[in-house]
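Input: structures, listed below.
One chain, subunit A, links the two complexes that follow: it is found with subunit B in the first and with subunit C in the second.
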Partner chain A sequence: MSAGPATTAPALNMGGRRLPPWVATTALLLPAYGWLMIAIFLPLGAMFLFSFMTATPIGTKEIGYTFDQYKIFFTQPYMWQVASWTFQIAFATTLICAVTGFLAALALARSGLGRSQWVFLILILLPFWTNGLVRIFSWTMVIREGGFLDAVVQFILPEAASVGFLYSRPAIVLGLVHGYLPYMVLTCYIAISTIDDAIVEAAESLGARWWTILGRILIPMAAPGLIAGSVLIFVPVVGAFMEPRILGGPQGVTLGTVIEDSFTQGFNWPQGAALSFMLLAVVLAIFATFSGVLRRNAEL
Partner chain B sequence: MSDVKLTGIAKSYGGSPVLTDITVDFPSGSFTSLLGPSGSGKTTLLRIIAGFITPEAGQVTIGGEDVTRIPVWARNIGMVFQSYALFPHMNVRDNVAFGLGRRGVKGAEAKRRVDEALEMVRLPGFAERLPKQLSGGQQQRVAMARAIVTGPKVLLLDEPLSALDRRLRQEMQVELLSLQREIGVTTIFVTHDQEEALTLSDQVAILDRGRIVQMGAPAAIYERPATRFAAEFLGDANFFAGLVEGGAITVAAHRISAPGLPEGREVTLAVRPEKISLDATHENQVRAKVLNAIYAGANLTYLMEGPGGQRLKVFAQNSDGVILPNGAEVTLSWPAAHTILVEG
Partner chain C sequence: MRLSRRAMVQLMGGTVLATTLLGPRRALAATKITVLNWQGYGTDEKWALEAFTAATGIEVVHDYFNSEAEMITKLATNPGAYDVVLINSARIAQAAGQGLIQPVDFAKIPNATGLAPKLKDHDNMQYEGETFGCAWVWGMNGLGVRDGKTDPDSYAALADPAWAGKVALFDDAVTAVGLGALATGQDMNDPKDLEAVKTFLQSVRPNLHNLWTSEDQWNKAFAANEFDLSVAWSGGVVRSFRNGGLPVHFVVPKEGAIGWLDGLAVPTTAPDVDAAHAFINYMIDPEFYFRWATEVGAPASANVDAMAKLPEDDLMKQVHKAEYIDTMSIMSALPDERRDAFNALWQEMKAYYAAK
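For the complex of A and B:
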């Protein structure tokens, strides 16, 4: 053809040009962030708006805007008690998970179980694969008065009084630990298995006993796993409502159940939404407190 | 200062023996290398001395005390690992002070001893750094300081230099040796690097398949290897086999003699490649053809075809700048005194 080099050169350049990096990055991020926008931030935004309303915006009632919903801790002082119970339950659950989960992870990662290690890991993951309701209701069978636990105790000690503790806060903690322990085992397992055996042996050769190795070497080095596990457990446990309701019975009033009640029984969406956001604020504050520790550990 | 004695040590894994009847003496203040290929049991032996592994039979004594059943933490040893094994979450000072803390040494006394140890490994002023802020060689020095600061009875080194590059390794060898001489601690050093073993040690123990095949001063082992394995593993060697008749063996019409040959027996003789000259000045002589000349600047390695098609290796100094061409026929010779009778 008659096209000279002067005209073909730019055309070739056009065809061979790579997309600017930001286009590719945007294209790769769009599906995930688009979904997050629609599935999380949109409903969350709506809820945030609701939390300032005087009534649930469904039906014919006149809707006004107010801060009253956020004043619940002053208008209904018993909410302080509910919050206190909730956080006590959450702290107890996280602490029990941290201790037992760390020890289990330690045993799994360092005992040299070989192939059977995977069997034990899968056993720990079982609660993940069972339906939450089934898991919780099965506990009611075990710990109610005259339940399985009582049967075992009375088989050994026929005169013993009932040890059933269904409908109590310990029962709630028990159910929550059962459901959330795998998070702690997994995060700690990953953290511990990255510790070189030679580091533990070096400590031993320098005269360290097991408690020094645990306290000065293993726990500090596995701290990122412990913290990650604690955050993963604490956050959902603070808002849990299934375990408190089923295992706590009349004792099971927590922020989670109050929020659920506001949405269902009370049909007071603004109240539930306001409580949810206050809970979110507390959780974020806890995150902010720990993020410094996490960052410091990530640098090691 | 304490000597280390092993008596009749045996260990097996899943029925296959890893160590068989090891009896060896590490004199007080000596530097001994355990040299062997991977799987020879040298690391297992070191870990038995440290206490990480309990032997099935035999006894370990450190400074005259039977420690066979004593756990690692009570043995008062210093150990340096191939991976350095520094505590990554502690700074250099806390790493070095760790062993002191376990012995109840704290405060100003601990600080003084840590500084002294860091001075000895030539790392003063690094006390506040974290291990990840140090180079490999510096980390190794910290590991060394951590191992010696407590004044251990025995220093155990598990291939501590093998992760370093060649130049740094040679530098660290010199430092390790002078440090060991300075504190005079009984040192047992595991390595698969024969040159390292020869350079550093008062005595070398060569291990093969769970047994010590030879032990002695580096020069003694190198000049007089007892077995074919020892001759091949420590340095290079050419072998000739034959029946002894009239004080010599005959290999394709060439007579090769050596001192003290048993008359009428089939024997294996070894000769080191550097003992062979490319002329007919010595009593043992063979004709050979150059297959390949490997030029390495200061010296040359010739791969040759000797009598009966046998492969020979000859080291030559590059003193005259002459490189024999491939295919050249030469007479090789070496003194009978450097011809070694070996087992197997």
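For the complex of A and C:
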């Protein structure tokens, strides 16, 4: 993919006359970059502009420009609390995904399942094939008071109190983990697959216990996969609004739902846009922090 | 919120005419009018249009909008395209102010004699002393109460410890703040003391079980016994009881309901003003309403005669008592600053509820 002009130009040999290399490069890049321009940068640029407006630019209203939308954390101090919940949920989701996803990937990559490991990989991917909304709603049936979970628990222990925890932050984390776990399994699986069996065998033959192998060899060598998976999960989870809304009930107030409310209920696009860009800034900061690891991972 | 209510009416309709954008073609039809409305919202019932064409020779075709902003935009950018438009009464003054709709000529609408005076002459319908919309259908936000519980007589019950953990609110800024305003004895459309509204809404927290956003969500949670007392739509409660068999009934507290009113209007540039009025006349006709309400499902009619035509045991009729028209406050247009203040207050309340 990283083929430069020098290697691509000869392929386009039109009627014996060679085109200048930059023509071929432009022709090859144009579809992708044109699409990116239209699909990402144009709306993003418009939203960036909106975030400085005093009102939603639809209708006949006079529009002014202001920085006020970016001051929401000071004009509405409860937003700090909302941000704190959001990041708690995102960290918990990422951590749980990292632990369970890494272990699952380890089992898949190193258990010698042979060809059947592809079946297991496809099973991991299954959640991607079902509609997110359906997945979330089915969780509400399971974890609500008197739901399936309660039915099972009370079948075993008839006297047991309800264990339903719908409308709580753990419920939100549960739904998010379900949705995003496959990213972690896949990135870790790829990273672990590249670890040479000989290294592990050498450690074993030298008497290393399993926890030494895990802590000194497998985790450090799979770190790029873990970090890439964490970024892939953390970023969308910070902005998630569907899971908090449906599984969190009154507890489901996050930056994502506040942004969604600004756009839909409040019809206050500037506010929603400003919040989105503040969130984007945080996300970019996270990317910047881990960019070195990500780059290394991309080369794997 | 309005969209989902329409969506429900549409779903109930079942036979909604997604396919009849062009309507039944009649070579003989002398005139043709175009109606702009939400899809599946009464005016496009196939049987009704056939009956109307048979009676008047006027053919009716439809164009639809998906949001009120889109409706205003369509009116503004397509002059001469529409003869009748559905407008929420809160939008009448805006549309009239922009010169998009013309005053209604009630002389051409004989059925208007049956309209409830409060709805027909409501401030929302007026602009500079003239009536620009013909009241059509209305509904209320009040309280949905589980059968067998004591009916509350005031919105104050939402904060009454007797309902601890058994209350649900509607996740909508205008409704929530309006509720707080009514509960604290203020004008729902212009509460002067937002602090009092805030204090009231905060006092609901110990009772609050959930916030609902859609009728479907409300039905599932109510069926699962999650709450007993809820802010609810009058039409929604009727549907939940009638179609879902849920043990719920609708209560209008002494402070009155939060009402909404939809009107039909004639665009300034309408090609056929007389035919447009004839259609509006048909839309408030008791015969039409009877069939719409009993066979398809409809909101309450602004025409008292039409409501009277419904059988005594009809739930819509029992819930939408004429006396409630007098006590309810109708949602009006909000200036932007006030709407923003409502939204900010509700967002803060939601964060407050989440901190429980």
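Miscellaneous remarks
Assume the second predicted complex is superposed on the first by the 274 of 300 C-alpha atoms of A that agree within 3 Å, B and C clash if a C-alpha of one lies under 4 Å from a C-alpha of the other, contacts with A are read in each partner's own complex, and residues count from 1 in each chain.
The rule we apply is simple: a contact is a pair of C-beta atoms (placed from the backbone, for glycine too) under 8 Å apart; a residue touches a chain by one contact, two chains touch by 3 or more.
Quantities reported herein were computed from a predicted structural model and do not represent experimental measurements.
In the model built by aligning both structures on subunit A, subunit B fits alongside subunit C without clashing. Once the two structures are superposed, subunit B and subunit C can be ranked by residues of subunit A touched, with C on top.
Contact with subunit B, but none with subunit C, is seen for A:E204 once the two complexes are overlaid on the shared chain.
Contact with neither subunit B nor subunit C is seen for A:P236 once the two complexes are overlaid on the shared chain. Contacts of A:P170 after superposition on the shared chain: neither subunit B nor subunit C is touched.
Within the superposed three-chain model, A:G132 lies out of touch with both subunit B and subunit C [touch as defined at top]. In the superposition on chain A, contact is made by A:W85 with subunit C only, not with subunit B. Superposed on chain A, the gap between subunit B and subunit C at their nearest CA atoms measures out to 46 angstrom in whole units. Considering their complex, residues 50, 52, 72-79, 81-83, 85-89, 98-99, 102-103, 130, 132, 143, 146-147, 150, 156 of subunit B touch subunit A. Put simply, subunit C touches subunit A in their complex at residues 69, 72, 98, 171-173, 208-211, 213, 220, 224-226, 336, 339-340, 343-344, 347-348, 350-356. Interface residues of subunit A, counted against subunit C in their complex, comprise 55, 58-61, 76, 78-79, 81-82, 85, 140, 144-147, 167, 245, 248-253, 258, 261-262, 265-268. The touching residues of subunit A, when paired with subunit B in their complex, are 196, 198-199, 201-209, 212, 216-217, 220-221, 300.
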